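Can you read through this structure? Questions will come right after.
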Amino acid sequence: MKKILSSTPLIMLIFSVVVLSAPIWLAPLGANYPDLLQKFAIFGIFAVGYNILFGLTGYLSFGHATFLGIGSYTAVWSFKLLTMNILPAIILAMIVSGVFALVIGFLSLRRSGIYFSILTLAFAQMAYSLAYSVLTPITNGETGLQLTQQDPRYLDAIAGIPVKDGLPSTNLFGTLIKSMDGYFGFYVAAVVLIVAFYISLKIFRSPFGMKLRAIKSNQTRMKYTGFNTRPYLLTAFVISGMYAGLAGGLLASIDPLAGAERMQWTASGEVVLMTILGGVGTLIGPLLGATIIKYFENIFSALNSNELHKIFDFLPEGMENFMVTVVGPFVGEGWHLTLGLVFMIVVIFLPGGIMQGISHLFGFIKRIFGMGDKPAPVDDTVNNDSVSKGGAS
Amino acid sequence: MDAILIQLLNGLDKGGAYALIALGLTLTFGTLGVVNFAHGALFMLGAFCAVLFNKVLTISAKVKDESITFFDAYKETPYLELWWGDTGATIIDYSVPLSILFVIPIMLLVGVIMERGLIKHFYKREHADQILVTFGLAIVIQEIIRHFFGANPIPTPAPDVVAGSAAVGAFFGLNENLVYPWWRLIYLAFSLSIIGAVFAFLKYTTFGMVVRAGMADRETVELLGINVQKRFTIVFGIATVVAGLAGAMYAPILPPDYHMGMDFLVLSFVVVVVGGMGSLPGAVAAGFLLGLLQSFASMNEVKAIFPGIDQIIIYLVAVVILLVRPRGLMGREGVFED
Amino acid sequence: MSNDKTPTLDRRGFLKASVATSMAATAPMFFMKDAFAKGEAFRNSPKADAKTITLGFNVPQTGAYADEGADELRAFKLAVKHLNGEGDGGMMNTFKPSALKGNGVLGKKVEFVTGDTQTKSDAARASAKRMIEKDGVLMISGGSSSGVAIAVQGLCQEMGTIFMAGLTHSNDTTGKDKRRYGFRHFFNAKMTGSALGPVLKEEMGTERKTYHLTSDYTWGWTQEESIKETTEGLGWKTVKTVKTPVGAGDFSQYITPILNSGADTLILNHYGKDMINSLTQSVQFGLRDKQVNGKNFEIIVPLYSRLMAQGAGKNLQGILGTTNWNWALTDDGSKAFVKSFGKEYGNPPSQAAHTCYVQTLLYANACEVAGTFYPPEVIKALEGFKFDGMGNGKTEYRAEDHQCFKDVLVVRGNDKPTSQFDLLKIVKEVPRSAVEYEAKVFGGDLGPYKV
Amino acid sequence: MSTTPNNILEIAGVNKTFGGLHALSDVNLKIEEGETHAIIGPNGAGKSTLLNCCIGRLIPDSGSVTFNGKNMIGMAPHDINHAGMVRIFQTPEIFPDLTLLHNVMIPALAKRDGTFKFNPFKSLASEKAILEEAHATLADFELDKFHDQLAGSISRGDKRRLELAMGIIQHPKLLLLDEPTAGMARHDTNRTIDLLKSERMSHMTKVIIEHDMHVVFSLADRISVLVRGNIITTGTPEEIKNDPKVKEAYLGESEDE
């Protein structure tokens, strides 16, 4: 039973169904509109990739948004210079961010622990500052890199694609998918997410992934066991950098704009928070973390007293007003407060992030119904893969 | 030449501020082994103690503005001045330095509550967890401050006598254009004395010796066993007070707003790490080094050669130092490396 | 005219309904890029029998401009109230020529949704997309920075939703990045320069040496360029222009070189927190007490915002700058608005609030004039629209670049404030003719009506 | 013992100082293939320093370490491992966050994959040979019943045997054991002795640092005595037992053993 549930094809099947049906089951939460669904998928990719570095090796990078930003810039430049087809844009985004990750990773991985973190942070801050100001000819600074009608788009010109009035839209081979607008964008991102998740799953369950986890557990031992740990770390760094580049490229593919703020330290911090919130080193956790943070950012921030009244409509009037008054400070402009509280509550009560809460919950259910050793669905590997806590430093 | 001199002074001034802000952070790192992302928020809280003190002192009577009927204006003269005359006015004028008396107990209380209530449960947890919980706390503190004070910066002036500039150049018989704000000179002196006081405390008291032993080897502290918990609380309290003092005295230079802590957070981390984790002299040295370099990198002559260098100099130097010296300027092996 | 349109609205309404009900399903029509599908149905077009329409107010609710955003939101709510015929009507009573009836827009009650731009392009676009995709808004307004305005404006062009910009001062918004679907009521750096020119000449003569500290990003650069153009036109010399990083906090290292530069005028091309900090610190460095070249050293802050100016406190007193609007204006429109806003919220409106209120009314009016919500028609109604009674005198929405042309206020930090709101004193209302320029100087392309 | 010694490890003239302290001075030692060689000596004699110099954790100030005919000095730890010299640490160095099974799979993979191999798409479950060997090794060490427990959660004695298993699975040419029974109860010590004498390990060349003379005399073919950074003598257990220098060094220096 356990074996079947943890088999890769089954996990992938369940995962794909869950992801692709998101527009349906997210409807009650008011989160089923295209833009947010796209953000879920894209930041999910970012977090899943980040987890390959942080979750497996324990190296806490504070500069991964740099690669996301570089991916976005690369993709937009591909739209400007080459073609509006998203495939070359995304591939180029991954290559270019991979190259940057190789250089930054090579230098930063000469140090470990917090020294590594600060090195990545320093590189990221330099990239951000330069992109915001001095590199404006490449990045268009604060406004962000945008498409214009006059862009050359050499490949499209060669292919004889006519220039229309207004800005062209990104597409996949012109006819296959005409535009990345709306749900199309989501489904493209969702398919990429499924592939990205599959690769992450394979890495987690490969000897390579096990070695990365061993590095996290005891790097000194790895060296005396005959492994050169630096190339392993660098590979993980570059893979996660390319995931970030992929996410950045997708962001630009769906909405062709790339801004420097995507590379700010707060953006790098966000992916760290997503990963920890969901559960470091678990397969699904980072994805959950990304979803929760993006949900707060987009839905909680938009609630105002009008909407609250609608939500609490079912209560008697006195209660309704009371609830609106109580909840009011935590939504709308107060959404940061709620997010801060969620961070604290999760980390205080669930040291392993939300995934730990979920596995506790399944344990609880099991106990109540006196069921056997049936594993938690979807992500059985979580239990094996999750990091053990305590004893740090 | 004059330009270099004044940038030197400016660099020292900046360095003093950086060192002071980083001091508490490195203390928490070194002794408690906690990565405190709420340190910036504590700095901000200190500044808002000064703001609050000023606001309380300047409470004045509401008057109806006759010309416009919908809002209340406030009388020019606060109650304090009405009651105590010139004495009251002087107290208001000196509200920022006086607020120190008020910052110390408040921040100590905040520190103790924070350590007892939250931080102590995170000593044995992973750094990632420490980051998440303190970052969450920082956001919560920020939002509470915003709720009461709004998002805009609040002017918190220095006393009138020191609001202007000191003729530094004339004093040393140099170019008389060489002036420097009094308050910044005071801040430099203030940070040096606080740094000195913390060092003296650690060096010449038995308590300090235990703490230093702890910074050198955390396990030893635990083995000592005698009231280690209490000492940790006090150390955290000291770190909080230092952060608060740094913030309160900074208010005249940078009108405080709820987000100022986050703006300083990254910088203070860079200073601490460049100095070497857990090394107090390292943090001070790194503070001054980065302050001076930033000052000189901002000179027009330098920027003409390297455009944008002033924006990245701190990070560039951090990268170079960390690549050349594995543990920063004065860090020791094994601290925060896993 | 509106009667003629009714059947079309019906058909559109039907299409809209079918789209709406097929949410989450895979109906192929959902994947159409075109905002205007068959017929003249357009994105979020309201059903004929719909009682309400929704507008989207996208303002910074967190971050440095949160207070400004909160004030914008107050103005929007007030505007919605007035449009729906509640309250005292505010500037609806002074606005002319007005087609507004006080029964909503085209007989439909106005509702609104809000969102947080965080003063970040990505967040602002995400928020705007949510409004368009989820909440079905017809128009988006708000914002407190040019980067955000340009980013959202670009998005709105693609989505076929009208964007009525809030506070944005960069020349680019209606210059090289102008869009058919974007409209700006606020003034810009170019107009600031033109307005300041005569006052500077009058007060400081023609022989000055200026030193610029400029925020190192697009808005800073355009303002520096515009001010330089003006001052050099007066015969002033520019000693040095220095770029400062955004959010530097401590500007001392950029201020110290000024002391020895031989300049006698400092121009701070900073906004928001940067402006407060650089101004506070410049004053601490004794710049205003200095005598250079036999003249008093002067500081100029070309773009003022009263809300932000509060943070600079006394340092602001006597310093010249410009503003789009000030609550102390005494024309009927301003008075009506200040009264209405003050009664509602207990404090006077900021210029950001004013511009957002006006933008909302202008959009509603354009819909009434066009007799439809169909964006191309509404745009045509706005383009070249001339109006008065909105607080800035006679105003025109220029068709070529969607920039409003109106009088600009030159103000000075008040040295004897009578209340905590009385921070700026109006020095001069520079007439519209003095700040006008040709649309083509900035280039750019509005793009198509239909997207 | 053997008259035609095939020296697998030759330590010649190795010096190491820490500050002013001479941890090792002019140490010469030859380990013959197939033998079990014990190094004994009082606390602080430099035994662990000597091992560290062999496996690349420390670099001697002077002298040479030749393993299998190759100079080891300056080589990275992972390369020394691949040359066939494997060390078992005094305080167990395992992977506490991994299961026991994975703990022994890692060294087996190192043996097969070399210092670096990028194979992200190969499934762990498909590593049949490695899995089999890992299970067999765990079984040899009576650990297989814990194979899916985290290594950090087992007893200290089990951890030490786990580390031994991790060393054995690499089939090293030379196994360096740093006090394999320190801190163990008598029962566990005997189990360890039996293991080291088992068929699987008895022919493996081993260097053992040990305080417990019972262990030393049960296992060692030859013994070297290290005192204050000097090898004072090397010989068979019988020779050492009767060597007056050794007696003097031990009785004069150390109170317990």
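Read from first to last, the chains carry the letters A, B, C and D; within each, the first residue is number 1.
We adopt the following convention: a contact is a pair of C-beta atoms (placed from the backbone, for glycine too) under 8 Å apart; a residue touches a chain by one contact, two chains touch by 3 or more.
None of these values were measured; they are calculated from a predicted model.
If you take chain C and chain D together, the chains in touch with both are A.
The most central chain, judged by C-alpha centres against the centre of all protein C-alpha atoms, is A. Comparing the centres of all chains, each the average of its CA atoms, the largest separation from chain D belongs to C. In whole angstrom, the spacing between the mean C-alpha positions of chain B and chain C is 36.
Between the CA-based centres of chain A and chain C the separation comes to 34 Å, rounded to the whole angstrom. Per-chain Cα centroids separate chain B from chain D by 52 Å. Averaging C-alpha coordinates per chain places the centre of chain A 45 Å away from that of chain D. Multi-chain contact residues of chain C (touching two or more other chains): 66, 70, 216, 243, 245.
Looking at chain D, no residue sits in touch with two or more other chains. Chain A has residues 129, 133-134, 336, 391 in contact with two or more other chains. Contact topology of the protein chains: irregular, matching none of line, ring, star or complete. Two chains count as a pair here when they touch; such pairs are A-B, A-C, A-D, B-C. Across the interface of their complex, chain C is touched by residues 23-24, 27, 30, 32-36, 39, 129, 132-134, 136, 140-144, 146, 148-149, 165-167, 169, 178-179, 181-184, 251, 255, 257, 259, 261-262, 297-298, 301-302, 304, 306-307, 332-333, 335-336 of chain A.
In the complex of the two chains, the chain B residues touching chain A come out as 33, 35, 118, 121, 124-129, 131-133, 135-140, 142-144, 147, 218, 262, 266, 269-270, 273-274, 277, 307-308, 311-312, 315-316, 318-319, 322-323, 326-328, 331, 336-338. Chain A meets chain B in the complex at residues 54, 58, 60, 107, 110-115, 118-119, 121-123, 125-126, 129-130, 133-134, 265-266, 269, 272-273, 276-277, 280, 329, 334, 336-337, 339-344, 346-348, 351, 389-393. Within the complex formed with chain B, the chain C residues making contact are 63-67, 70, 216, 240, 242-243, 245, 247, 249-250, 252-254, 256-257, 259-260, 273, 276-277, 280-281, 284-286, 289, 307-308, 310-315, 338-339, 342-343, 346-348, 418-421.
Across the complex, chain A is touched by residues 23-24, 26, 30-33, 61-62, 66, 69-70, 111-116, 120-123, 125-127, 129-130, 133-134, 146-147, 150-151, 154-155, 157-158, 172, 177, 216-219, 243, 245-246, 445, 447-448, 451 of chain C.
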